[in-house]
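One chain, chain A, links the two complexes that follow: it is found with chain B in the first and with chain C in the second.
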Partner chain A sequence: MSATTAPVAINTFREAVRDRVLYNLIFFALMMIGAAIIVGQISIGIERLVIINLGLSAISIFGLVMAVFIGVGLVSKEIEKRTLYSLLAKPIRRWEFLVGKYAGLLLTLVVNTSFMTIALAAALFYVGRPFVRSDSSILVAIYFILLELALVTALALFFSCFSSPTLSTLFTLGIYITGVFASDMRDVGELTGNPSLNAVTRVIYYLVPNFHNFNAIAAAGHGESIPLSLVGQNTLYAVLYVTLLLLAASAVFSKRNLK
Partner chain B sequence: MIMTAMGTPAIEILGLTKDYSVGFWRKRARRSLDNLTLQVQEREVFGFLGPNGAGKTTTLKLLMGLIFPTAGTARIRGKSIDDVRMHREIGYLPEQPYFYDYLTARELLDYYARFSGYSAVERGERVERFLERVGLAAAGNVQLRKFSKGMLQRAGIAQAILHDPQVIFLDEPMSGLDPVGRREVRDIILDLKKQGRTVFFSTHILSDAEMLCDRVGVLAGGKLQGVGTPSEIVSVEVHAMEILFEPRDNRALPTALAGRATHMGGRYRVEVPETELYGALDSLRSTDARILSVSPVRPTLEDYFLRLVGGAQEKSRGVEVMSR
Partner chain C sequence: MRPASQTRAVGIAIVGVSLLFAAIRFLQMQIDAKTRTVEQQKEELLLRSPSAVKRMSLGYNALLADIYWTRAVQYYGNRVGTPDATFELLWPLLDIATTLDPKLVIAYRFGAIFLSEPGPAGAGRSDLAIELVKRGIAENPDQWNLNSDLGFLYYWRLQDFQSSAAAYLEGSKNPKAPSWLKMMAARVAEKGGSLETSAMIWSELRNSTQDPIVRERATQMLRGLKAQEDEMHLDDLADQYKKRSAHYPASTGELRDAGLINGIPVDPDGYPYVFGPDGKSRLNPQSTIVIPKELRTPLSPSN
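Then we have the complex of A and B:
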């Protein structure tokens, strides 16, 4: 990271910490403790499945909420509060500012997810199950969640470069939900046999990020191994998509008048 | 020490124009700045005067690259305003500055110092020096959300000059400051001038401009109305003579002055044309009045300003140019 983006990233992370964003960890920890105690008593034999499913789903949802709601304010808040004015008078390019903000939120999400992973591991340990080799799929599932969050953050940042936080939230969530169901929509389009509908659903499938591919929660819950090829494919997909979104965000933001 | 080539102005603005789009369905262009051409030399303190909405902040935002011109261009120390390297040589205090309120003043200055490439030791030393300079040394560890408006203004000035820029742009630097704070800011500006820096500041406090500026420019309705030294603008003519007097033993005022004099706590003030001064003094002497002072009434910068603005403002503020 360059000498100009790193300070912006660190400051973004510091803002999240000082705004008590990481307090959600307390809620997550309490939830995992509660779940471990209750599940241990009522679901004999399937503690692993329940705890992993609950834990990974919560990691995904908590991260998603953070990525969307902090992401849409990354740029708009700086413009609205005019903190950007004195910053852009320094020798920093607008795209460097954007990359710094993005990296800062990503760092926040990584730290948040890491603590949640520790809490999940502690809950699994509490229900008395020794860790086995197939548990590596839990870590892969968490890695996929992080890739998904990286994509959602880039989407939120892109929209926040030209629209209000409310609209950016709607756009980001809209694309996220469409992306989760994109492959199902494509299948429906193919099944109807209607060429127009089929064409539309295929365009949507290729246009929006396919979030369905990042969901490995069920596989992790059942201890199934996740192929390395999928890890590589998802990583490449996320990196490419994030790069494109950041380039588009930079192009839009570089031309924007900060009134 | 200043290192620019001989004769290169510190700030060179050529035909800078800015239109904003207004309207929801039918977009129209509203001209905020109209063909501004101006040069500010190295080491000059230049005051940019104008009422609210005159285009002062628009000009500064254009120079800082926060907004983009509709037409025209500008160079600072020979570098285009599009060139990010130009920003190494400038400092900027925005109007009514607002900073990251979760940071302390010390953290804020350290953050901004990072963009100038200083080492941690240099940053620490600079931050302390500039906190001291703007009178915030004792509040260095206080979060900015607890700062008053005046303290924020000081923090803003500190971040603008922290990296020893050659050209400093200050948008309404005295705004929100108490008399002591204003005096401190004036001292900082004079200090910067002594160090050979160029200072370009916008203000509507005319006494500050008169006191500090080598030259001033007056902007109204987006157009530059005049540029000159404060004395060039002020001492054009003597409007009238002001006489301050006390009548003796409640005697009646001379008939010629009775209708024009203003009573102020036992004293009277009257303005007479310069040609009538001696006649007025003779008539006062005839009533044995005590003459306290006689002074010329010159147009102040404020008069000049109001005269220009009064005519131009309503006509040209927010001139709507051709529909797009």
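Then we have the complex of A and C:
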């Protein structure tokens, strides 16, 4: 990270902390404690599984909410407060500002996820099962969630460069849901037997980010090993998509009339 | 406001709030009494299509599977043992849970027990239990326990010893499977329906399970098997006694006095067996041993 983007990133992170964004950790910790105590009494044989599934799902949902709702305000908030103008008056290019903002929110999400991971580990320890080698798949699942959040943040930032926060939220969530259903859409196209529709659904399938790629929650719950090649492929997929989105966001933001 | 009046106002507020809450509680109880039937109707599953639920889970299918499995356990737990209880939602709940998470082995294993147990202990649907376990095997081919469960269901619920032996044999092919599975396959194929084989199956189930409920159930069944074996032996002795004395024994004491047995045989609860006027031995009325229906018909001591 360059000397110009780092301060923007750090300030974005500080602002998130100041806005009490990390308070969700308290809720997460309480939820984990509650689940660890209650589930064992109301179900059979899935105490540990529920802790893992609930923990990973909560990490994903909390992260998504943060990524979308903070992400869409990254640019608009600066314009609204008029702090962007004083910032851009300094020797910082627009794309550097965007990358700094993106990195700052990503840092917030990484810190948030790390604390939630510690709480999840504590809950697992509480239900009384020693950590085994296959538990490493939980860490891989969390890494995949972070990749997913990195992508959603980039999407939110991209839309916030040319749209209002409300519309940006709708666009981001819309693309997210489309991405979750991407493979279903492709299958529907194939099932219809209509070549044109099939072509359209295939284009959509490859165009929208396929968020299903990053879902390893069930595998982690059952201690299934996740191939290292998949980790590499998913990382590359996310990096390429984020780069694409940040480039597009920079292009749009650079041409935006801020007067 | 003066301090005295301020204290009074606080007092009135506390009393007022308490009264309001009391009134709310009373009202809620009244509403609950009237809407109990509505609550019962709520048990309807809004979505019965497992694939639709999976699609709507937005990727959080593993967590949703846990929720559906817990619902299935609660649903079963609320009905088990209740006379005339029906379990019509049990299969849809298990179907959805296992579709959402096909690796949820516990749902196949316990779900099969819930489904196959005859009423009022279960839904009495061995066909669905077998379907569920077969689906579990297809999704989790490395889980030899599921083959063992399938063998058990065929043996115990359907008395289909050939299919049972095949299921045990299939499970024994798993490199992780214990050696007794292969022995069981051979035993069921050779002597399916014998008390000895049944005892072996329940004994292995008791030894292999980690769940206290299943272990307790297996222990009960083993006690029932022992009692039935004793009863069959006593019935034979009663026939011999009749040939000698021209009447059936009134008690096991008469068999002992006739020199047919050495002591007074007791059931696993410690109570002596009794004889009916038809010469058939029975459990002592004080005994807690239960011989389930499955044990009564197809089994023989040395089939």
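Convention: the second predicted complex is superposed on the first by the 258 of 259 C-alpha atoms of A that agree within 3 Å, B and C clash if a C-alpha of one lies under 4 Å from a C-alpha of the other, contacts with A are read in each partner's own complex, and residues count from 1 in each chain.
The working rule: contacts are C-beta pairs under 8 Å (C-beta built on N, C-alpha and C of every residue); 3 or more make two chains touch, one makes a residue touch a chain.
The structure presented is a predicted model; accordingly, all values stated were derived computationally and were not measured.
Asker: For A:Gly221, is the partner it touches chain B (first), chain C (second), both, or none of the two (neither)?
Answerer: In the superposition, A:Gly221 contacts chain C only.
Asker: Thinking of the overlay built on chain A, is A:Tyr85 touched by chain B (first), by chain C (second), by both, or by neither?
Answerer: A:Tyr85 sits against chain B, while chain C stays out of touch.
Asker: With both complexes superposed on chain A, which partner does A:Arg14 reach: first (chain B), second (chain C), both or neither?
Answerer: First partner only, chain B.
Asker: So, A:Leu49: does it touch chain B (first), chain C (second), both, or neither?
Answerer: Once the two structures are laid over each other on A, A:Leu49 reaches chain C alone.
Asker: Once chain A of both complexes is superposed, is A:Asp184 in touch with chain B (first), chain C (second), both, or neither?
Answerer: Touch status of A:Asp184: second partner only.
Asker: After lining up the shared chain so the two structures overlap, which partner does A:Val39 touch, if you call chain B first and chain C second: first, second, both or neither?
Answerer: It touches chain C, and chain B stays clear.
Asker: Once bound in the complex, which stretches of chain A touch chain B?
Answerer: Against chain B, chain A makes touches at 3-4, 6-7, 11, 14-15, 18-19, 81-93, 255, 257-259.
Asker: Provide the residue numbers of chain A that touch chain C in the complex, in ascending order.
Answerer: Chain A residues touching chain C: 39, 42-46, 49-50, 53-54, 56-57, 60-61, 177, 180-181, 184, 211-212, 215, 217-218, 221-222, 224.
Asker: Show me the residue ranges of chain C that touch chain A in the complex, using the header's touch definition.
Answerer: 55, 58-63, 65-66, 69-70, 73-74, 101, 103-104, 106, 110, 211, 213
Asker: List the residues on chain B that touch chain A in their complex, please.
Answerer: Residues of chain B touching chain A: 20, 61, 64-68, 84-85, 87-88, 90-94, 96-100, 102-103, 111-112, 114-117, 156, 159-160, 169.
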